[in-house]
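Here is the structure we will look at, set down as structure tokens.
Should a chain be cited, it is by its letter among A, B and C, assigned in written order, with residues numbered from 1 in that chain.
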């Protein structure tokens, strides 16, 4: 019976990575390695103001004093930071006109299902496309600008909205925060910048698509989202990378600032190359994402579907500072083959009557290891905080691991904090029941997974929920039984 | 026409022989009851018919609609028209009955090379079936079998049977855990779905259900073999004398 | 220690009304010479660790430090003395064996104690361990108890901690379980300074079960840490953990529980829960129930809550005429009784209930008939 189960699992989880191609574009690359000169070079290439260079150098000096964190349930091979290229850009600056964009780049994004032609694009979604270190194209910029919304590449923001960037950069994630945040702060190249003015609801989904293309490079992007009072934006990021035998490093920072009564929904479909079936290659994904609900009754929702990367180290967090602020975290993380994930969230309750909700669904298959790690902290002065966390693990096969590490730290008696977790597997009896109704093994597994992850998928923007659902199915294809 | 022919069927589970030579023929339009004490092999028989891989057929064969049934995987048997009402229906959290059935119907139609039903067509068909069975739509929007009472689970099985419209329905201990009202409702459903083209096998330990679903043929399964076959008059006799009477007759 | 020898023998009793125990006293980590252990039934062997080294050298050599070394507990404890308990296969001691750990000194004292409990195949034992302080000086104490449960053995282990606030107590209970063995352990923390309980259970063979329970009542600046580690190394084992705490004033409690399910431990059934009641804005709780699961056919769940008393329930009680303070006490008592109610020895259960009730009322919580001042 176990054997038979094993076979079905095998069948269903052997899906192939569909985004593993390489695009031949001329790339501007600097030499390997990291030192002050490299940072000066990056800053110069981007024609940055002096204050930003100083920020980078301070971060770099701090990084030199730090060590890579060891606490995660991950087995991370030694990373040689001098063997990485810290800047690679397609030799093509962001173009306003569609016609000016390099055809190879266009076709690359077309192949990924991300058309950058505004006529062809998904209705109601504006896209910032980032390849390696550079933003290639941002769509619907003008349409958004009419409402005062700024949606552009980070580099543009540094040039055109320097005051805003200067005001908010490093406010939520200071460069001293952790090893990878310090590294990113020193060498970050590009990313997206979003500013929603007071009282404005973004009329469309804003989305950034990250693509690693060049070999031997690291990707260090930085996203900054500012939502002023009474504003709303739904933002989505997606990511893929070519199939390569070597591991590539991705260390990003996302900072979100939310004022009174504003709401930000941040969705992620993370599909970096996970490595092959034997665990060779794949992206190391070490990401610091954090938002602050600064104003009263502000709201931040994280929704993520994580299927990619060889190693994931990521804890999108919310600081609930404003009274009555709300944050929700919905996550499905799938690991297969030799993938490792240590992911979760942090909810820091500071304001009174703040509420948070965590729904985490892990799915482990193959020889993978999938850990949830989450902190819920209620500080002494925070009255009436509420948290509910639910962390479920689903195991497909007996070679994988599912781990749960919740940390609840409560320093105020009016708080109510609850955590629940379960671990289960797809039962042979469930699959047989579906078979008996004429549903094949593969579809049965898909159906069961859909039911299991439905709570999270439903939180994704509609346009992406279907994609996310498909992605889940593909990532476990060939491993159910 | 012989819908189902079981010939000298031997089957084992975990190396232990449970079925020791079953012979059984079911014609279209018939209702067969298979009765027997606990451990006689009743549930094993239904598992082997529906293709549960844990059960290993060591000898014999099964012909269903003229084809070798044992060669088909479980889902194809279902698509060919074999339906099992489970003794213990399985829970699938997060998937509603409606969604589940829509998937199942889609698979059946694909197999038969029929065009898929639209959402509206499917719902219309589902509503008709629910009306036929006198069921309300409370259950169909809830996660499949999750938190259902025993009676609700069995009603749900019969609804699925109505929707999938099988040629051969096997009711495995459908009466277990049901109160008399639920039992009556389930039995009425089964009777309404009866036609000259399909057949039903009712597997049960007690005669209770057979008061409502009247069999044409009654078999008594004992220690892996059918030891007695007769008409419906056998049922009250069994009720009166119990299975010991059969056992004694054998020894 | 010498001062204790002068104390009347009755002082050594930590009597639980209606509970007849075989009592052994350990003072400042040393097995008391006056302990009479000769009237024990056949097959029950109790002596000092010092004596055990020679008298039961086979058993001693076979088991000493084995459980610790196979666990993740790295820091050793090379105490010279403590209690050695050995029950031969099939032996059952009907009366509970009480171990009275007392601390008494005129100047601040730090010490070590080490115990070894070996239960042969099918042996059964109930232990009641009481930790007390007899004088008001500072104590820094480190105890390590290893328990080996052979196949089919059963150990009921109750530990009542009632020490004064200037005590720092590092307490390790390391258990190794054989096939179909059963451990039922409960840590009752009534009073203390800073207590760190480490409970480490290795379920080495199939069908072993363990139940770990704990209740901690803390006030002032007391701190208690409960670290549990249940290591499922074999299939078909079950483990259930439940720890509950009530924290008043500026007390601090930390629960860090880890359930590990190794690849071979299929069909594991594990549950872990930690619930805390905070009574003041100065009390603090950290709780982290963790699961590390490397087998797929398992049933594992855990839960943790931190909160205050249910206002609705409080109101309900008050609407029935119970005063607000009394209603609160009732609820706190009910909260703790959830654990205490699982004590199998009725006299002990009643005694602990009584002590906890007194404790909540802020009354002196000394044990019945006891003249020791444990919570100075």
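Here is the rule we use: a residue touches a chain if its C-beta (ideal position, glycine included) is under 8 Å from a C-beta of that chain, and two chains touch if they have at least 3 such contacts.
Here the structure is a predicted model, which is why all the values come from computation and not from measurement.
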| item | value |
| --- | --- |
| Farthest chain relative to chain A (centres taken as mean CA coordinates) | B |
| Comparison of A-B and A-C by number of C-beta pairs in contact, larger one | A-C |
| Distance between chain centroids, defined by C-alpha means - chain B, chain C (Å) | 55 |
| Chain A and chain B, separation of their C-alpha mean positions in angstrom | 49 |
| Rounded Å distance, chain A centre to chain C centre (Cα mean) | 45 |
| In chain C, residues with contacts to at least two other chains | none |
| Contact set on chain B toward chain A in their complex | 50-54, 73-75, 77-79, 83-84, 86, 89-95, 99-101, 103-104, 107-108, 111, 143-144, 160, 164 |
| In the complex, chain C residues that touch chain A | 263, 266, 276, 278-308 |
| Chain A residues touching chain C - in the complex, by the definition given at the top | 2, 73, 378, 380, 393, 395-425 |
| Residue ranges of chain A touching chain B (in the complex, touch as defined) | 1, 4, 427-430, 432-441, 443, 447-448, 450-455 |
